[in-house]
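Look for chain A in each of the two complexes below; its partner is chain B in the first and chain C in the second.
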Partner chain A sequence: MKRYFRELSVAGALLILLLVLALFAPAFFQPQPLRSLLTREAPTLVVACGMAFVIIIRQIDISVGSQFAVCSVCAGLLAALKWPLVLVLPASVALGALMGAFNGMLVAGLRLPSIVVTLATMVTWREALRWQRQGQFVNLPDNLQWFGLSQSGGQWTLIGAALVVLTLLAWATRHLAAGRFIYAIGSDAEAARLAGLRPQSTTFAVFVFMGALVGLAAMMNVVQSPQVDPKSGSGLELKVIAAAVVGGVAVSGGRGRLWGVFAGLLLLACISPALTHFHVEAYWEKAIQGAIILLAVVADGVRSRKQIR
Partner chain B sequence: MSAANAPLLQLSSVAKSFGAVRALRGVSFDLRAGEVHALLGENGAGKSTLIKVITGAHQPDGGTLAMDGGLLEKLSPAAARKLGIACIYQQPALFPDLAVAENIALRLESGGALRKVDWAARRLQAVGLLERIGADISPDAEVRSLSMPEQQLVEIACAIGSGARIVIMDEPTASLTRKEVALLFAVVRDLRSRGVGVVYISHRLEEIFELADRVTVLRDGQSVGTCPVSGMTEAGLIKLMVGREVAQLYPPAEGVAGQVVLALKQLGCAAGGVKNVSLEIRAGEIVGLAGLVGAGRTELARVLFGITPADSGEISLNGRSITVASPQDAVGQGIAYVPEDRRRHGVILEMHIAQNMSMAIHSRIFPAAWLRDGAEARLAQEFIRNLGIKAYGPQAPGGSLSGGNQQKVSLARWLATRPKVLILDEPTQGVDVGAKSEIHKIIRRLAMEGLAVLMISSDLPEVLGMSDRIAVMRGGTITALLPGKSEAHAVMAAALGQNP
Partner chain C sequence: MKKPSPLLLLLAVLALATACNKAPEASSGPAGSARKLSIALMPKSKGNAYFISCKAGADKAAKELGADLIFDGPTDPDPAKQNEIVENWIALGVDVMAVACENKEGISTALRKAQSKGIKVVTYDADALPDSRSFFVNQATPEGIGYMLMDEAARLCGGSGEFAIITASLTAANMIEWQKHIEARRAASFPNMKMVALRPCDDLKDKAQSESTALLSANPGLKLIMAICSPAVPGAAEAVKQAGKVGRVKVIGLGLPSENRRYIKEGVTDSVILWKTEDLGYLAVQAAAGLAKGTLKTGDKSFASGSLGQFEIQGDNILLGKPFVFNKDNIDQFNF
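Here is the complex of A and B:
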């Protein structure tokens, strides 16, 4: 109980918000807008899971938004060339993994600070894409949207896919040795190395996996509309880092749970519709989200101070 | 006593404790103007704590400090510096990215953050100070580009520039060549002739005889004697340093040592500063590795465990030559290393003790990379029982345990790898007396079960009490192999490089 206090408090905050909405703004729970909200957040959740691993191993990846745009556009172009979905999806995942490998190579191989490396790749991918597309949208074939299903069918598929990814990864962190390695290396890389783990190759693998998840998420986003916006994914890195931090992933590494990240993401995502239902001006959304992030960071800071004492 | 003939610095019955550890138990020490006063003692005798009390870094729990006969109360590092107390540490505390002149200026200049910097005057001052101590260093050089002795000279320039009346030197010659030592000594003698009092700490006895006027020997946080150097012999000093009975009872060695398990031939590693080490350890044998801090003991362990792999010589295990290029190699070959400083490199405090124990054997107890909590908990329970670890269960976080129990968890992690050779680095450092004797019993039991044990320890009684043989290191190599029943002063003499 005490161990998961941080996650439970986020889940509690989310529950309270939902309860208040249920009492005073039941319209929030109308199936269709709610489903749309969840569908919008589904790709973000997938990326947030990867980001949680990156932060737990004590790194950061701010290039995910740009990776997301590159994967989206490339997936769109391939689909426009009449590639079938079963080929476009793996291509997008592979492309993401490749970009992740590039980050991983620089961070783990050359031991450069990840914030600088991913800042550089963030700008590079984004600008390369802008130069290539000149702001042009990619038109997609009709059968790609919602996988050719009805809108509600497609939405349920995406929500389901995101939840499956979340569940699988949460299970894997608990039951696969690889999950343990990530926590151990994030807590204390030197102790882990002395215990025979391989901090550098594990870090590399985490960046590759992050990229692969971005590729998957990009695909989950592409199928939601008839066109691909080359500017898609801007600000995604901040959204997922915020979700991870609010959800109890320690920026100092070694701590965090995926279901906490899930709760954190939902909490941040519900702010905007809640404001609408309470007739508060939408300008407040960012300020409130900022306050929540600040609160989470302060809570972690106070916590680790106590531990040191 | 009037201020005129009072000593420059007088410490009376100074005491300092850290938790249960009594680092200083009433040390009295005095320093006169214009003398070099050497401070001598084995590892952990209280030298560093005493220095930190003088420089204001630590507040003493009891006793008094006086300068020129005036009491110093609540001395802070800033106040100490204002009074003219300067300390030159073994590792110079300079800013590597700034130029020499800027480093000197940072120490000497005062004034607000918005004052205008007079660069020409800064440079001139630096040139003057460096000239005074005969150092050939450009004031514009980045400190990063200087050698260790050059950096020490910059520190001395700072001390002189600040008009220090008391200069403390903590093993200043540890990394200097003979020529540089001669230069340093000339500077120290010059300081003395100007009426500065110098506290000089060194493990090199010959330096003390060459340079110092008086010497004070510390042992177990007490001063055991202050006397003029002229009336002392090296043997006399060594006797003063170690003169105590082995008070603790150590588990007796039974049985005979078996086959040679680990054999090192001319082992060396330039990066680790280890050279030409030859040693054999037999099954069932505990070899104590003694030496002073910086003698290369931990470095040797790191070579054996593949952290800084050997670049010359040979390691053989059970008669077969092996290469150890990484910790994974070492674990695979059956070499285990319980590192020093368990808080940093041993137990991961956020993780369960069961997770900590299975850390080095993941591939064995989790064959398909699946974690099996049952297997892990059984492993942990076995070690908790076997080693007598006091914890509420396998799920207890590593950080919730006492130092001694953390050390046992660290030990369990490595025993789980079923090693043939166990290297222990300061196995009882910072552990209370009860846990210490338990750990000693465990180590002896492991040896009797057929393990070859190499035990690094700075605790001389522990080395003497536990070891079947004692290897003494100095300057990165083994300089003496002594039987386990050696006298303390023989080990100390070898560690100091004296011929007994």
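Here is the complex of A and C:
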């Protein structure tokens, strides 16, 4: 029980929030808006899983929002050129992986601090996109939305896809050697190296994987509407880092579970609509989200101090 | 009409005579002008659909005036390149320039230099510092925008009902200004309209969609969503569409016709409010020409602009007037 304390406390907070909503704002649980909410968060969940890996291996990637925008716009442009979906999807994933590889090369190859590298690529990708699109939307062909399925069919597909990604990755972190390597390197890179692991190539691989997940998530977002906003993904890095930290991923690396991240993401995602349902002024939203993140970080700090003693 | 003073008449005749003496070949032009007026017009960037449609109006004005129009600007919004082009125009010796400024401070030095060489300067769409130009052709006042949005909302709701506003951020100065006028108009003319929520969308379409989805389920009596930043209009429309509330919940907002065409045609979005960009280009060129010819002077209260008629001047702002409503009936005439 104690091992899962962080994850369980997030899940508990989420349950309390849902309970309060059920009592005072039952309209929150109407099927259509709820399904819409989950669909909108599905791409974020995919990115958050990748971010959890990056933080567990003691790195950070704040360029994911910009990568997301670049992949979205490129996928949109390819789809507008009448590329079929079966080609657009791998192209988006490959492009994301390529941008991830660029980060990984600089972080793992040149041993530069990831916060600086990804800050630079965040600004570079975002500004390059602004220069190229000048804020103009990309109009998509009609049959792309919801993969050409009905609205509810498309929404369930996206939610399902995100859950499959989550389950597979959660399983991989427990049962695949590569998954264990990430924890080992995040806990102590030097010890891992002496044990025969290769921290630099694993770090590189994690950044590439992060990028590929962003490419997938971008595609999952593109199919949700008939236009691509070139600003999409702004602030995504904060959302997913917050979800990971609130979900119990230790900022000092080496620890974290994906289902905790899932709970953290849902908790943060429900706050904004919950405030709307309680008719609370929007001014409070960011402050409440900030307070939750702060609480999680402080709890994390207190617990790790106790462990040291 | 006032009788022209005899002295003025005498001067006019003299001027005409000297003009004819010096350059008899130009006598077909308007009285007093020895050569064709050259007007330079600068967009923020050349490839932008918005400014291309401004240029269509500018061309029309230049044709009516019999003036030469030079249209040049950076390929991408670039303040340094704008300065360069102004310098070129100074060297070229144009009579007057009309500029949409990418950077207020950045371009003002170059514009002051142009003025010191006797070149008249007006700005349009986005202003420079006031001392670097004579007039700013102002496409919309906050009051005009706020009143228009509220009037349109009340018209669609039949004068009563709940509505919600989606803004870019709770701190954006221009939007706070618009909200003030929306509220003033509501209180004065439509007391039965009730604003139930104000939500920020961080200027993102996707966030606007999430916010609208929550608004729709939290406020079952909602009759209209008013989106006052441009990405929020299609975002709100998509939310209404996905909620299956097309027709029951109306969507209006400030935005570009091109981003909303699809939803307007589907009947999700009822109207999008902006100005007529063609008229903006037309008025900018007419004002530039008026300034060069002396028919527009500092302190004037109104300006007669060719085929578009009279425009009000507030201080040194020439007002384009009421914003324009794009809807199902006219959206296909606009391609920006």
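Please note the rule applied: the second predicted complex is superposed on the first by the 309 of 309 C-alpha atoms of A that agree within 3 Å, B and C clash if a C-alpha of one lies under 4 Å from a C-alpha of the other, contacts with A are read in each partner's own complex, and residues count from 1 in each chain.
Methods note: contacts are C-beta pairs under 8 Å (C-beta built on N, C-alpha and C of every residue); 3 or more make two chains touch, one makes a residue touch a chain.
Quick caveat, the model's predicted, so the values are computed rather than measured.
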| item | value |
| --- | --- |
| Room on chain A for both chain B and chain C (clash or fit) | fit |
| Chain B versus chain C as contact partner of A:K231, first or second or both or neither | second |
| Touched partner set for A:H277, first chain B, second chain C, both or neither | second |
| Contacts of A:H175 with chain B and chain C, given as first, second, both or neither | first |
| Partner chain(s) touched by A:Y183 [first = chain B, second = chain C, both, neither] | first |
| Which of chain B and chain C A:F137 touches, first, second, both or neither | second |
| Which of chain B and chain C A:R198 touches, first, second, both or neither | first |
| Superposed model, chain A: greater residue contact from chain B or chain C | C |
| Contacts of A:R255 with chain B and chain C, given as first, second, both or neither | first |
| Which superposed partner A:M219 touches (first chain B, second chain C, both, neither) | neither |
| Lowest C-alpha to C-alpha distance for chain C against chain B (Å) | 37 |
| Touch list for chain A against partner chain C, complex | 25, 27-28, 30, 32-33, 36-37, 40, 131, 134, 136-137, 139, 151, 221, 225-227, 229, 231-232, 234-235, 272-273, 276-277, 279, 281-283 |
| Chain A - residues contacting chain B, complex | 174-181, 183-184, 187-188, 190-198, 254-255, 307 |
| Chain A partner contacts - residues on chain B that touch it in the complex | 305, 307, 327-328, 331, 337, 339, 344-351, 355, 359-360, 362-363, 366, 369-371, 399, 413 |
| Residue numbers on chain C that touch chain A, as the complex places them | 45, 47-49, 76-77, 170, 196-200, 202-206, 209-211, 213-218, 220, 231, 234, 238-239, 242-244, 258-259, 262 |
